[in-house]
Structures are given as C-alpha cells and as structure tokens.
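Some notes on the structure that comes next.
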Amino acid sequence: MAMHQLVEYTDASAEVRAVYDDIMATRKTDWINNFWKAIANDPATLRRTWESIKQIMAPGVLDPLTKEMIYIAVSATNQCPYCIASHTASARNKGMTDAMFHELMAVIGMANETNRFASGYQVEIDEQFKQ
Amino acid sequence: MAMHQLVEYTDASAEVRAVYDDIMATRKTDWINNFWKAIANDPATLRRTWESIKQIMAPGVLDPLTKEMIYIAVSATNQCPYCIASHTASARNKGMTDAMFHELMAVIGMANETNRFASGYQVEIDEQFKQ
Amino acid sequence: MAMHQLVEYTDASAEVRAVYDDIMATRKTDWINNFWKAIANDPATLRRTWESIKQIMAPGVLDPLTKEMIYIAVSATNQCPYCIASHTASARNKGMTDAMFHELMAVIGMANETNRFASGYQVEIDEQFKQ
Amino acid sequence: MAMHQLVEYTDASAEVRAVYDDIMATRKTDWINNFWKAIANDPATLRRTWESIKQIMAPGVLDPLTKEMIYIAVSATNQCPYCIASHTASARNKGMTDAMFHELMAVIGMANETNRFASGYQVEIDEQFKQ
Amino acid sequence: MAMHQLVEYTDASAEVRAVYDDIMATRKTDWINNFWKAIANDPATLRRTWESIKQIMAPGVLDPLTKEMIYIAVSATNQCPYCIASHTASARNKGMTDAMFHELMAVIGMANETNRFASGYQVEIDEQFKQ
Amino acid sequence: MAMHQLVEYTDASAEVRAVYDDIMATRKTDWINNFWKAIANDPATLRRTWESIKQIMAPGVLDPLTKEMIYIAVSATNQCPYCIASHTASARNKGMTDAMFHELMAVIGMANETNRFASGYQVEIDEQFKQ
C-alpha cells in the first residue's frame, strides 16, 4: 500500500548496501525494517539519518533503553503508528519490561494532559524557573 | 498577564491548602509554582492532577529522573514553554547534568525528524513489529 | 515585536474597512483585535477567513458558546497562546462561567492523555465503532 | 495486530473486573471497548483513568454530549483514529445528530486554520485579552 | 470502514453535483476522491472548502506544485495519512519528481527536529528577527 | 530568560568557532543567531545539525527559497515562535515577497483545516492513491 517502493538488499546499490550492512552489524540482526528500505530511495537521507541515529542512540550518559523510551514518548505524542510499533519493539529488545512500559505510558499521558492545563490556563513561567 | 488569578496560599481554602501542603512536603520545598496556583481555581482538578502526578512520578521501575526526562520529551514535542521550563528545572533538581540534557535533546530532535519520514514515506509496519 | 505591520482602520483600504465594519457590527463591538489587523495585510485572506468564521460561528444546531469552547479545545491542544487568549475572552463574553471553563479544561486534558494511551498501546478500532 | 494483549473479562483479575463492571454499569452497556482492555494490562492506569473519566465526563455545568464533542475536537486535532472513532460513536449515542457533527467539524477545521495564521503572522496578544 | 457514508455522484443533490462538476472540470479529471465524498455530507462545508481550495491552490505568485509541497509539509507534520497520500499523488501529477520529493522530505524532517531544539533549549528570539 | 547560557564567539572553543565561522561564511553574514549559540552548549549536536542543514538547505532540485517556505510551513504548524521568526527572516532575505508570504500562509491554513476534516470524517485512502 506504500507509495514508495521499498529498496530490498538484493536490488540496492553498493552505497545503500553499505548502510544496510552497518545497520545489521550495529544492531546484531539479519534484517532491515521498512523504514530504512523506504528512505533508501534517497541514499543521501538514508546515510545521514543512519549516521545520526547511530551516534545519538549509542550508549552515552543515557543508556540505550532510556533513549528508546524517549523515542516512544515523542512518537506517541505525535501519533506516529510506525514509530510507536518499531521503537516499542526496539525497547523490548533492549530490556523494557511490561512494568516499565506501563510507567512510561502513564508519564506520557500525564504530560500530555498537564501540557494543556499549562496552555489553557495561560500559566506564566515562574521567575524561579528562569535562572 | 495570565487571565486566571493565581490562588496564593494565604487566600486558599482549606481544601486547596491541603494539596499545597502535600506538594511541598512531597517535594521537600517551601513554595508552590504557578501551575498549581492556576489550576487551584478548580479544586477538583487540582486534587485529581496532584494525586495522579504524585503516584505516577514516584519512584517505580523507572526512576524519577528518567520520568522527568520523558516529561521534557513530551513537552518539547508539544511546544509547551511552561512545561519545558518547569520540568527542565525539576530534572536538574533530580540530578540531570548538562551532558544528560544534551543527549535527551538529541534523541527528541531525531525522533521528531524520523516520525515525519515514517509518515511522509508512508511506511507500512513490518510484520515483525506486530507480534 | 510582530514582524507584520498591523493594519489600523485609519490606514486601511476600503476593501479592508468593509470587513472591519462587518466584524464590529456582527460582534457588536467597537474595536478590531490584532488577529484581523495582521491578516489584513492580505485582503483576500482577511475576507475569506472572516466570511467563513462568520458563517461557522453563527448560531446553528450548536450554540455560539459551545462553538467557542470547541475553539478553545483545539487551541489549547495546539498550544496557540494568541488563540487561547482571544477565544477564552470571546467565550466569557458569550457567558462561559468559571465552572464551565474548569469542566472544559478537564475534558481537554483528559482527551489529550487518553489520545496517547490509544496510540501508545496501539489499540485497534472495535468493529462496533466501524458501522 | 496490536502488540498488547487485550485483557478479556473472563481472563481478568478481580481488580480489573471491578472496573469493567463499573464501566458497563455507568454506561448502561454490556461490552467493554478495546481501549479499556488494552490499558487493563496496567490495572493502576486502568483504575485511575476510569475514575478520572467517570468524574470528568459526568453531567456538570456542561452536558455529557458537549463534553463528547470537545473530546472529538481534541482527537481530530491530534489525528488519533481510535479516539475519533470511539468518541464519535459515544457522541452519537448521546444524541449528536448529523447536523451537529457537521457544525462541530466546521469549527474544528476553522480553529486549526486560524491557529496557524496567529502563529505564522506572529500576532501579539491584545491588551484587552490580558485582563 | 468509514463511519460516514460517501456521497456518490449518482446519489448527490444538485448542489453537491455542481461542486463535483467544478472539481472535475478544474482538475481535468473524471473522478472525485473520497475526501470530497465524505464532506459532501455537509454541502455547506463542501462548497466553502472547495471554493477556498480552488482559490488558494490556483497559480499565483507561488506555482501550484510548490503549493502542493507545502500541503505535504503540513500533512506529514500533522501525521495525516489521507492527506499525505492524496497530496503526494497531486504533487506527482503536477510534476514532482522523486528527487524533489526527497529534498522536500529532508527539509520537513530537519524542520521538525530543529523546532524541538528551539523549544527544548528555550531559545529567545533575536532582536534582529523582530523588525 | 533562557535557561541555557548562549555560547558567544569570544567564549567558544575552537571546535565551536569552526562551526560558527562556517555558518557565517556560508550565509554571507557576520553574526550568529541565538539558535546556534544555544545548541553550541553541545558541540556534537551543533556540528551535526549544521552539517545537516547546510547540506539540506543548499540549492538542489528545489531552490533555497522554496525550502525556507517549507520550513515555515512546518514551524507554523508546530507553533514554534522562534522557528517562525527566524525562518521568515531567512525567507525574506532570499527574496520572499509579501505576496508570496500571504499565499504561503493561505496554503498552510487550508492544509491544517482539511487535515482535520480527513481525520474527523474518517476518510479512507482511495485505491487510486495507493499505486
């Protein structure tokens, strides 16, 4: 149903294959999900996006699972079905338990609620928060 | 500039004061930020919101700092200035370093970017993500 | 601070003045708020927007106050400060009490919360809702 | 296709069943829609969400149908397919006619349009709206 | 699966048919897409929306293809699957090449990313941008 | 009022200065706007974001002005005041006239309106749009 042909490994250029190979090696997996096959129609975007994600989602002062949960928070807020499905799967692979998912969703829901109280009640920022 | 009078402690009803007291005791602080003073115009919403936040933001399988960062992810995605300011302050109080904030923002930015690639390229959800 | 000059009545073309006159007559008021003065830089948009709003916000099977509250629901969800301020003022002019505003905000907040539970939990639409 | 098992009544714990029973009694219906079965995976969220919705959506100074239409306004603005489908069905059950739905949608559309004019034209809030 | 009956040409009133005829004549096509058949349930909205779109999307100082790409930018940002599908098809009909679509998507993605850096880092507007 | 210290050129590390120099050279300007000074607190994000924007916003099959207008479309849809102000200024520098801005805003507004009709009326994607 997608309007954009998915670029399969066997049909991919050497440039695209190099990114696919790096994705599979980095993620220790043997398949490429549709997101990458779709943006592979634009090799420049494929490469730039993968290089950025690889760098950003790597272990840092935040661990990879925390980063996946932040990804889910953004994706659920934006109502992006693909992103929710793929990053929930990734988070589970990195150890997210049911209990963690439930707390994550509770925070996402509450934040989306209070964001609208803050705007609707036209709350001004406290001086204490400006330093 | 706010259209809604802020309910100060000295002017508050006993019902509102009870919530204010619990907020200050729970957070080990001696002041109430404008968000609560604004929604205190509706004591039922004040109480329900505080009870929910108190329960949701408490230590669980996710630690309170992780929860604050998830709150920031939602608030930055929604472009809520008050929420970003207040939860960034809360996260700092709970130990968020500059380095943690930077990684947090990098993930938020990247997720907002790839959310639009997923929608714009009309990517279908992989069967592997549906189990 | 606005980048777009506001078009004041005294400086307006006959075409713009005609719209301003109709706004003031329809709303039984003697001033024009900044929104109209800003989009008056584009008389075609001014006219089309006013004609649409005049038609849509008029009494119908929904009363004008209900329509203003729906406007607030959209504006608070979108985090549009100008729209929240102006439509809250309009709703008050049309009879919105504090109690009504509080219930309105409670629904807006709850809807924004459960919208994310529905997306985050990837809930499928029930067959019963498809008829 | 949902990643989260739906909790059916027959498989539910006593705690979850108690909420399901209250939902069916309150709504005078004999079935539970998928939203509740999905969040029932987290009984604490199920209970808190139901208690809040039951309180917020009850008749108050705003009638239940008006509240459902506000719910639709938020859900359509957020592009939440499940929420639009379920709350449109609820609104119809509470008496929303085709004509009411059409006026509701016209206001939602117009509000989403003018919200962007206000932001894009960088309109400053009038002093009159700040009191 | 849609809750709203689509209004087919053969079943349409004279008022609706007149709009359908104008859509097909303007677009030099012999079919009507579902969007119009859905909102045709409300002839007033059908007419107003078509008249506005016809005027707005016509060649002006911006060409029609540029306007379609702006439509895609809004639709991908809002996560509206129908709108993305229909306006991507329209843009292709007006000459959007794969290369153009790729650049368009790259800008949309980047803008959505930096929008969150601006909010999350609480960046103040430069004086130079206020004139 | 910003919570994050702006990194001025004179206080910047060599790494940050190199990016600032490239921004000014590329844009043929002698100042750095606050956005860059804010994210310069995280040199890795500064560099990655600038490299991406430099590549994406360069002349391609779409001209730089069209790209700036797409940026405005996203920013107005997201209600990001900083982004709207800065990219409107950039677009003007690249030749956007008042008339072009007016048409741009008209399309943005209309797209945000019809996006909600598509979701609210639950319109299914036409088969013709799926090829």
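Note that the chains take the letters A, B, C, D, E and F in the order they are written out, and that residue 1 is the start of every chain.
By our rule, contacts are C-beta pairs under 8 Å (C-beta built on N, C-alpha and C of every residue); 3 or more make two chains touch, one makes a residue touch a chain.
Predicted model only: the values in this text are computed from it and were never measured.
So if I look at the partners of chain A and the partners of chain B, which chains show up in both lists?
Common neighbours, chain A/chain B: C, D, E, F.
Taking each chain's centre as the mean of its C-alpha atoms, give the chain farthest from chain A.
Greatest centre separation from chain A goes to chain C.
At the place where copies chain C and chain E touch, is the share of residue numbers found on both sides over half (same) or under half (different)?
Both copies touch with mostly the same residues.
Kindly point out which of C-F, C-D or A-D repeats the A-B interface, defined as over half of the contact pairs being the same residue numbers.
That interface is repeated by C-D.
Quick one: report the Å distance separating chain B from chain D, using the average Cα coordinate of each chain.
21
So how far apart, in whole Å, are chain B and chain E when each is placed at the average of its C-alpha atoms?
The computed centroid separation for chain B versus chain E comes out at 34 Å.
Taking each chain's centre as the mean of its CA atoms, how far is chain B from chain C in angstrom?
The separation of the two C-alpha centroids amounts to 27 Å.
Find every residue in chain D that makes contact with two or more other chains and list them.
1, 3, 39, 41, 44-45, 49, 52, 77-81, 85, 88-89, 105-106, 108-110, 112-115, 117, 119, 121-122, 125, 129-130 - these are the residues of chain D that touch more than one other chain.
Spell out the part of chain E that touches chain C in their complex, as residue ranges.
Its residues touching chain C are 1, 3, 44, 48, 52, 55, 125, 129-131.
Okay, in this complex, where on chain A does chain E touch?
Those residues of chain A that touch chain E are 3, 39, 41-42, 44-45, 49, 78-80.
Would you tell me which residues of chain D are touching chain F in their complex?
Those residues of chain D that touch chain F are 72, 76-77, 79, 81, 84-85, 88, 105, 108-110, 112-117, 119-122.
With touch defined as at the start, can you tell me which chain D residues reach chain E in the complex?
Answer in residue numbers: 79, 85, 88-89, 98, 102, 105-106, 109.
Using the touch rule from the top, collect the residues of chain F that touch chain E in their complex.
Contact set of chain F toward chain E: 1-4, 31, 33-35, 38-39, 41, 45, 49, 52-53, 56-57, 60-62, 66-67, 69-71, 73-75, 77-78, 80-83, 85-89, 97, 99-100, 103-104, 106-108, 110-115, 117-119, 121-126, 128-130.
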